[in-house]
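In the two complexes below, chain A is the common chain; its partner is chain B in one and chain C in the other.
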Partner chain A sequence: MEDNYEEYDNAFVGNLGDMGYGEDTQAAGEPASQIENKPKIFLMGLKRSGKSSIQKVVFHKMLPNETLFLESTSKVVKNDISNSSFVQFQIWDFPGQLDFFDPSFDYEYILNNCGAIVFVIDAQDEIIEALQKLHQTIAKVYQINPNIHFEVFIHKSDGLSDDHKIDRQRDIQQKTTEELADANINVHPSFYVTSIYDHSIFEAFSKVIQKLIPQLPTLENLLDVFISRSRIEKAFLVDVVSKIYVATDNSPVDMQTYELCSDMIDVVIDVSCIYGLKEEEEGLGYDQESHSVIKLNNGMVLYLKEVNKYLALVCLLRESNFDKHGLIDYNFICFKKAIEEVFSRKTTKAGAKKTIKKAN
Partner chain B sequence: MIKVKIPSYCSDSIENDDDNDFVSSSSSKLNSTISSSPSILKSNENHTSTTSINGNMMPASIVLTHFCETHGPSVVFTTHTERILEINNNNNNNNNNNNNNNNNNNNIDQPPQPPIDISPVSLPNLFSKYNNNNEDEEFKTYSVLLSNRNNESSNTTTTTTTTTTTKPNCPTCSSIPLGNALVSQDNSNKNVYYVSTHQTSNQSYYSVIRNACVRSLSCEAVVGREGPVLISSGDGHWLSYMFKINDSRARGSARWYGFLCLLKDPSCLVNYYSWLIDCFKSLAEEMKRKTNVVFEREKSQQSHNSSMISNIYRRGTRSVPLKLLSELIEDPLFFTRLHKSFCSILSNCQFKYHLLKGNQSLLSEQYEIIQYFKDNLKNLNNFDNNNNNNNNIKKSNNNNNQSNNNNNNNSNISGFSLNLNMLNDSNIILLENSFFPRQEELILSLSQVNRIMGEDAFSILVYNIIIGNQVIIRGQNERLVTSMVSVVKEILPKECVNVCNFSNTFKELWECNILGLNTSAVIPLHIDKDICCIVDIDYYDLSKEPDDIDHPNRSTIEITCSGSKFPSTLGIAIESIYKQYCTITLENIQLKSIKEEWINKSKSFYSIKTIIENEKDKRLFSFLNIINCHHFEKDMEILMFWSMCARKWFIQFNKS
Partner chain C sequence: MLRSKILPQILNQAINNTDTKGVLLMKDDGSLIACSDATTSSHNTSKIVAAITSNIWTAYNRNSDLQYQLIDCEEGRFVITRVASLLLCVYSDINTEFGLLKLKTQKLREYLEEPLSKVEHVQ
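And now, the complex of A and B:
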């Protein structure tokens, strides 16, 4: 099989901005200015809507029920995930009590290099005030930087019944878009129903981060090609530490599949931490050799393989299609090579066009 | 009769109220004259009457801030100074009847009183009436109702930093009821009053405080999250001390509070830094200790029904309301006591400010206080434990013990036992010398020299050293003289000193400018007393022991000094270091930085000398103005001496 990826070259050359990727060759001591330039994701919303909980659960592996005991956030908490994660960015957790778009703050500086604003709304609480605040925030930010993505998390959905959830989402979505249209603001926020007690928060955050990756179409296409040639049902390219998926193929994401895949990462990491590390050796238990196949009793197979230091490919396929094991492995090698080429464009941004060839 | 009121914050001329008439406008005029012709007036700052107003004008306030769960960073309790210079004699208005007779009365449960207009005239009336009652009380506190005048005006302007404005019924960020105030008078300076309110009614001042509050609680990061941070910005300079207290009902079982200290003069903040932090720390520790008692008790009760707690956390609308701060500390008089502690800090700041500026005329009462403390300390050192409760230090010590033993002792009115902390610095000085008699006492620091010689003689010595005159230190004891020489030479940069530690024969100025000399040596007649300073140093003659042998501040060394003295900018700067009674390390740092500054000045002076034609050149004077040298003649001599020495040193260095 031979595919020509030339057409995607233009899609990301010169369009990378400051989005950085953790590369294997990267020096450990990165200058601070470079970290400062990482795109920022803001967590905003009213007090007690669950911003700090989201941040702690997704990026600090805090157990969801432990978040009950979090203190209220009194100042902006900057969380730099460039050291551990594939996609390098900063999460800024804002205290809900303060209005940072007040003239006494240098909000232009704050908004500098901001990629997305995640606005968290407590679905169990009154939403009127939250919607008001959301509208204010969008209006203000839109004036300064219209390119910032707005993501609305309808959070704490675990306390709502399924019907109620849909009602709430429709309600919030409708009111927000109407208000924005009235105010002539051409912004289309995305809405997600989330909860820290299930995987919905990871999925929502995955979508948020995917928007910040300029190579996303390329990655998705590579995954599409990969699964169709290998007869795989579903494939995720997952950031191992945060379990956020950076890309997936074009078939719709089923929450259960994603949960399975992210649980598999936990299993692999746990097992290799227990048995894979030598005594007194510290680390994630994740390296180039990491590879795992789990056969499920419903005739499905989970397949995990290391892509690079931060990413793993996790696939779900039928056991009957798993007979040509070697083919999948070979396709994977090609896929990995292609991924490397895609991300090496970061360093050779202005370099000559390359044709990525992939043979099967 | 002239109605006079100068609120401390108006000295900055933030706003020119029409209410501020005669004195305030005249003082601002004085201020403007100072700034417009800095060369003359500023240099004489310490000696002219303008300073007395300036010194008085130092506005100060201390604020208790809180990161409120509902309102974000908010101001809880503000104490600021009010200065009222003259009293309107026309005081037969109804103000006199409005006052609250009960000392230390907390205003909760007070019947409503007719409002008092706090600012212009009523304060002195209030205090003239009650002044003679309880003299032993440290800061008498009255609670009064403010008139609506201020509140109305405050409604018109908006704050710069918004969330919602604090509602008075919020349990965590309310203190004393809105419109009420706690008022105290300074013990030594009767023109100074301390007014505590929930939030200050002056809007421009409030927005400064509010900004500082937001910055300190929500922007500045402190290592370990609790502790002090010094913030400087265009709006001013603040010292902030953050701490958290335990509250089982609050989110994360913690509530964040902070103290803010706003002094107009940033140098004060820096100078009092460690002292202020000590004060704040002891206040914070006290609050933490008291809330911990409640916290532990409630925790043990709540462990049974933990499901209830998690419900509190999860729901946005809480079922259990948060407690008032005074309830959390279990002290209904908490804010009154806090007011007193703040007063005591502010009063001591002012007191120290005068020490710093060396304005002695204002200080007669305050020197009495120092004397008082000295006497008391002597008693304390002797472990004389018969309960003379006039002793302030002891009293607070006792209180301290009481409160340690019995946390719920509400009768402990005098508060956070800050009295002891207040005079920490002078205590240290006194303690340093309390191990009397000492054998073989040597000169170890310039502050010691200053104390032994007295300020006048010390300034003679400093002047002669910095201008390059020969300083002859005479004494019989070689070790003593050597120690003095090695301490004194630190005033000059090393390039400028030629030291002879101890010599039996006289040496000329070109041989050495700081000379340790045996008393028996003969000083030649040609030595001009005008360009030479003779210091005699020796141990006391034990047979002629004076009566005050037990005085803690006494030294076994006697130093006398003769020589000429002229004011110079550098001299004043150096002297002011030793007037503050800081620690020796701090003094050394300050001396070093002043030396560095003047080395740089001499460098630029040296380079500008090439283009100056003669001493009357106008450019020379403007240059001296630029580098802040206002005693032209003497400053120039100092600069000449320093640059010449540096040049000589450089030439020698080049040759070798």
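And now, the complex of A and C:
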């Protein structure tokens, strides 16, 4: 974990004023320069591979069907989601036809505070060209900033059968790894099969974001302790706006559970938007009092609690283990306190680093 | 239906001097139905007290014949008893004698027993 910290610090803190997370105290209107300094995630890939659709569906709640009518992106779209979400990263959507390595591009500056590059490959299309471009991109980026994580989304998987999906993934994975090994590049991209028509894209994005969160092991440990003490089956720490999960416990993630949990957030927010807000009042319908328990007819209980402005804890547990609601609430209070401590520690550490830098 | 605004006011009557710190009405699983605190301490304290005391109650109430439970802690004293299908908890600082605290709980219980037993048992 220490190593993780150091790596992250070297990669970002030097260039960054801000750690890239939302804090409760943060003012809504930030100066533009600060936003510019947020760590970035780049969406790249050939044209028509679905980059803008991913961005729209994950961060703008666009319906997947509506993305059919999206125009081709013609210039780099910088998407700042930092004011509404815990995920305080800037998503840059690169147009497919753009030659990123045009010498007139100041890519060294751009790449220096980039956290991850998401490369989108259309699984329903020919992959040779895409793989070439992927290889090219990795080779160039690696020279400039070897700390960047590479994530490959094998996208539009909804049109493929299950066997076909696995074949495609194996094919792409194998070719990429071989090519990288041949070129002596020590990068290990992660591969995800995604589609905007189900939750796979959210899950894949969650994994991408998690790699950029240095506190992840601590959060996971906290969740583990919490669920074992409260006899909970599965717990997610979810970003309310984007439904990306920032952390989960160590048991394997079941897609259906995650879908259920993210649907629950929708239900809670919709209900409190309709009944919770006063007339003329604007807002997300999500505040400190947000708390919900849904009993399912299969003997399971969904439990949601507010953690902070951006995050909610969503748990799934058996109804027979839900006999002591009060104790679970109490455990949650302890958990929440710990989470607050984790994030406040991070900001003070970053602050201390900055002062040292100034003194030098 | 319980009248959620009146109930804390009734509970508040038990806090007539400084020694009683709070009165809670909760379900067996520890979820609060109504509460009243002497100080304007955060609502969280009541939730924690409710969670822990109800858990102790259910742990000792194996034969369902527990009438009163008195807990003596380093910084306070608790009396818990059953009212209809709910639990009533009164707690105070260390200087209050148990007799007084128990009497107070008993009176409150007598007062609440009848109206609360009319309320449908919600599980």
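Annotations for the structure displayed:
The criterion applied here is as follows: the second predicted complex is superposed on the first by the 331 of 360 C-alpha atoms of A that agree within 3 Å, B and C clash if a C-alpha of one lies under 4 Å from a C-alpha of the other, contacts with A are read in each partner's own complex, and residues count from 1 in each chain.
Here, a residue touches a chain if its C-beta (ideal position, glycine included) is under 8 Å from a C-beta of that chain, and two chains touch if they have at least 3 such contacts.
Being a predicted model, the structure only gives us computed values, none of them experimental.
In the superposition on chain A, contact is made by A:70 with chain B only, not with chain C.
Once chain A of one complex is fitted onto chain A of the other, the partner contacts of A:148 are absent, as it touches neither chain B nor chain C. Measured by the number of chain A residues touched, the leading partner among chain B and chain C is B.
By the touch criterion defined above, A:273 lies against neither chain B nor chain C after alignment on the C-alpha atoms of chain A. By the touch criterion defined above, A:324 reaches chain C but does not reach chain B. Shared-chain residue A:333: touches chain C; no touch with chain B.
Contacts of A:216 after superposition: neither chain B nor chain C is touched. By the touch criterion defined above, A:253 lies against neither chain B nor chain C after alignment on the C-alpha atoms of chain A. According to the touch criterion, chain A has no shared surface contacted by chain B in one complex and chain C in the other.
On the chain A side of its complex with chain C, the touching residues are 322-327, 329-330, 333.
By the touch criterion given at the top, residues 26-27, 29-32, 44, 47-48, 50-52, 54-55, 58 of chain C touch chain A in their complex. On the chain A side of its complex with chain B, the touching residues are 47-48, 68-72, 74-76, 95, 97-99, 102-104, 122, 124-126, 159.
Across the interface of their complex, chain A is touched by residues 67-73, 160-163, 211, 214, 217-221, 250-254, 256, 310, 313-317 of chain B.
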